[in-house]
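Next up, some structures in structure tokens.
The same chain A turns up in both complexes below, where it pairs with chain B and then with chain C.
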Partner chain A sequence: MIIPGQAGDRRRGILVSLASVTVFVGLWWVCGRLKLMSPLILPPPQEIWDSALEILELGYHQTPLWRHVGVSLGRALVAFALAVAIGVPLGLAMGLFPILSSALEPFVQFFRPLPKIALIPLAILWLGIGEVSKVFLIFLSTLFTVVVGSAASVKGVGLGKLRLGAALGATRLQLIWKFILPASLPEIFTSVRLAVGVGWTTLIAAEMVAAESGMGWMVMNASSYMRTDIVMLGIILLGLTGYLLDYILVIIERFAAPWAGKE
Partner chain B sequence: MINRLLLLMALVAIAASGFLLPSQAYAVDPPKEVRFAFLNGPRPWILGKIDGSFDKAFGVPVKWVRFPSGPPALAALAAGEVDIVRVGSVPVTSALSRGIPFKVIALSGVIDTSERLVARNSIKTIKDLEGHSVATVTGSTAHYALLAAFKVYGVDAKKVKLVSLNPTDQVAAWKRGDIDASYIWGPFWHDLEKEDGHILLSSGQLNKDGYYLFNAYVVSDKFAKDYPDLVAKFLATFQEKVNEYQADPEGSAAKIAKELEQDVEGAKQTLAGLAYPSLTDQLKVEWLGDGPTTKDSNIAKSFGDQAAFLVELGELRAADAPKSFAPFIDSSYLKKASAK
Partner chain C sequence: MAAFDASKDSPLAMSCCQGPKVNPAAPEGLNGPYPVDDGSFGPAPRPFNPKGAVEFKEVGHRYGDSKHGGGTEAVADFSAKIAAGSLVCLLGPSGCGKSTLLNLLAGFEKPTKGQVLVGEGAVTKPGPDRGVVFQEPNLLPWRKVLGNITLGPDLAGRPKDETLAKAKRFVELTGLTGFEKHAPYELSGGMKQRVALARAWISEPPIMVMDEPFGALDAQTRVSMQELLLDVWEKTGATILFVTHDVDEALFLADRILVMTPRPGRLARDLQSPLPRPRIYESLVVDPDYALLKREILLAMRQPEYVI
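Coming up: the complex of A and B.
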């Protein structure tokens, strides 16, 4: 009996997820307790917890922990907002006008899979070592996924519907606004979620550029000194924040496109 | 059918030999290969990468694995991916404090002018760095030297904007004018000096104030235990390469620069910017000491100083720093290699 969306199933799903995380952390804790693994290679949860408490109290490099999280979030959110603001209209336009699509496709497909770390020296030369180059790297890695997803979403709109709209006398603008956009919105959201995931992974690369704070920087700096406990703490924070971002997007989607998945 | 039977018998035979062999073998088999971790810096041992001297001395091939800086090389050593690493003293200090199992077996070079504080021509003194941005590689010997220079020359570190950048990125930032100075190793300062840069200080000048900066060879405990003879052979071959370099610095620099695809002039100056105490000299208390004297050796003391410094920076927990670094220095291979 697998019918998604029923309340009981969802509650059970959450319980199973919680249980699996608890079992995982428990096993990890036991491994640490029994000293099955060198604490350098896999720091036990209690060591990470202690480091977390210490950093919460004293900060890391004189910067409070919440600021490291906030600085990274700030960089990422600015980049995401720009990528959506530019990427969604551009992608939709590409989906609507095949000529534009043909003109831009080579660039999009060239840049999308490119490892953004390779662009660091260029980003520095063009934009310097301030915030702009960091945001730029995250923006680039997010933009193309949004563009590709938005362009594809238009193609998913049923021709029949458009014909019906046209027969009823809708203008071109009305067709876009009343038919294409609502129908492609769910898929646009999916591509934004994917893109945010990709962009978040670029945070470390972005914060390799002359950063003094941020979670990605914290991980890089601690790894220079083999502080694997802080590296793990940073990774956990990065993971949790990424999780939270995705969750927020899901909620926004529920409000903005409640019809998603219901046709 | 017969083919399958043959295959099965062959498999059984292989499995059986696998079980039997270890009990018959009385010594550890020679390794399939010896894995060296090297960084981009031009150094005499690269001559051995070019002509295969280490492979010949070991009787097994050497795999040279390139790393951008010391810490990832030591992380690879911790993971058992490399056996011998040439690395700066600061990463060695933090890695030993964090319990990575390896020993320091020799100095590969003592840093003199191979690491330099380079600033824009408009900045005349070290004190003038206040109010400017200075780049360095976090956790490197250059970073340590920079902060040591601040102490020695009375610079208020709070008034300097420290920028953490990889060497190649520093060159890019310098070209744009985003950084005003950098403490960096060769050949990278060469690029900065070419464009409106001049030397304010080089690391050798800090020796008189008690700051020693050096590169070391470290070997994983497992490799040293299994193959002590190979470790001694490694050092003997290293000394041969140093001799070869000293006999012909120009020619060697050209060869090394070509192998590493670097500018010849930068390589030449970097190579000349290091001192290479002989294996015999390294056994003196000025350097590693000969075992009993190691605890009073300059190198053991210097590691202690660097650990204290890292604790002060907040990078190392005081509880993690060893009381003495002498137990992590093993000069027995120096003795074996220099006796030959």
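Coming up: the complex of A and C.
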């Protein structure tokens, strides 16, 4: 339930979040200490920490840890940038022009819920086993959410604002640039955040395609050697990086659309 | 601005300093002697723009499937001539089609029957000759207060310094001095509506269309906004068509009150206000004429058969 914020609520919220994470890790640590579970099934935090330090120093399969993180981030960011650069204008155009929307809607709704792993064979067949097919898979899973969200954001612009523009003598172009686009901005940001979340989940699928580095590949590879500690480390890194990506988007939105949610 | 200057030769347009014509036989109210109510629907004695005349000509409007007689009939057979420079209130219960009439005048919708005329032509689409103030302030949150006020001139590509000079005048008139750089979401409801007023008025349209602009405000703020509206109106001379369901609001503001019937909206009563200006809210409510006019309006709104 949302209660209108009081002073200090934000700080209290952060403290509660930190406390709950600390309690969770603490319980996990105690479980490991008491040897309640085999480290093969659930390695304790200490062991994961040690492996992290180890592969930071020596690398995993001759590749340093930062490179695994960097390679994955690179693939994802290129895909996200392409998806936003193509998806936002396309979605806006669909929102503005019903004919375009009717023409593209069937494809968008077909591809959006499709499990992108199913496209791996086609991606390899068409684009080979290089970086392009990996970026392509992440791009596809991001694109359609951006398109649908951007199209919906245009329809969400209130009739009042459009009538205001018309009454003030705005031309069609002015209505689009000065009214519809800025009014859609907060919702576009929301859809990009959702899409980045969806795209990030496809990373593993993308790195199943003949990869030799990357966090997703590291997890898959470590699992075949029963290195549960490294699997867990990979999962933690994937989660934290995803968290960070979303946070960066929140910060950008705060600058680009400071009015979001305050109207 | 020349268009707003009342010509000295015109018998209709008196200078604002001359004061209203006084009927010596009329009893004296708290506001002093009453003006002559000679039945002429001439413009009020203040500056006005001759382009501000409005005429509803047998206007009917039906939503939905109008071809086969289905849908909802919002307005039926509505005719009224509104003199340039006057302040006319459209009064009626919710759903009586008064907002529909404003939408037709603003050009947001086309009447399914009849015509709405302004100046010399029929209304076909929205235009900057008709300023609109909505019930919602409808401010653009990505623009500061000043940017919202200058929106119209900015869209029309007017020179920046000219626009800023005008904006300064309307910021002062609407009591927004010191708030120019605030974001709209930092303002109270009343302040937001002041910005909306200034935004509509900065281009000095001959006609102002107001759809219950103070309906969402609390009683105290509403009274001060009504006083502000009268103040700005007397200084600019626009024709105002003001929709409200609040009888006291109509009585306080209007030269003339058009009472509408429930759906489909028809003209029930066309009443000229005898109340003198300047009006003082506290004195007005104990004025016998005020009470009589209010009684007449209340009766008209209660009984549909009261329709003449």
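To be clear about the criterion, the second predicted complex is superposed on the first by the 256 of 263 C-alpha atoms of A that agree within 3 Å, B and C clash if a C-alpha of one lies under 4 Å from a C-alpha of the other, contacts with A are read in each partner's own complex, and residues count from 1 in each chain.
Definition applied: a contact is a pair of C-beta atoms (placed from the backbone, for glycine too) under 8 Å apart; a residue touches a chain by one contact, two chains touch by 3 or more.
What you are looking at is a predicted structure, and each value in this text was computed from that prediction instead of being measured.
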{"item": "Superposed partners chain B and chain C on chain A - clash or fit", "value": "fit"}
{"item": "First, second, both or neither for A:168, with chain B first and chain C second", "value": "second"}
{"item": "Partner chain(s) touched by A:211 [first = chain B, second = chain C, both, neither]", "value": "first"}
{"item": "Touching partner for A:189 - first (chain B), second (chain C), both, neither", "value": "neither"}
{"item": "Partner chain(s) touched by A:120 [first = chain B, second = chain C, both, neither]", "value": "first"}
{"item": "First, second, both or neither for A:61, with chain B first and chain C second", "value": "first"}
{"item": "Angular separation of chain B and chain C about chain A, which is computed from CA centres of the superposed model and rounded to the nearest 10 °", "value": "150"}
{"item": "Chain B versus chain C as contact partner of A:179, first or second or both or neither", "value": "second"}
{"item": "Which of chain B and chain C A:136 touches, first, second, both or neither", "value": "neither"}
{"item": "Overlay on shared chain A, then closest C-alpha pair between chain B and chain C (Å)", "value": "50"}
{"item": "Interface residues, chain C side, partner chain A - complex", "value": "106-108, 125-128, 130-132, 134, 136, 138, 140-142, 151-152, 155-156, 183-185, 199, 203"}
{"item": "Residues on chain B engaged by chain A in the complex (per definition of touch)", "value": "69, 71-72, 74-75, 78-79, 91, 94-95, 97-100, 135, 138-139, 162-166, 168-169, 172-173, 175-176, 178-179, 310, 314-316"}
{"item": "Residues of chain A that touch chain C when the two form their complex", "value": "158, 160-161, 163-171, 174, 178-179, 182-183, 185, 257-259, 262-263"}
{"item": "Contacting residues of chain A [partner chain B, same complex]", "value": "38-41, 60-61, 120-121, 124-125, 128-130, 208-212, 217, 220-221, 223-228"}
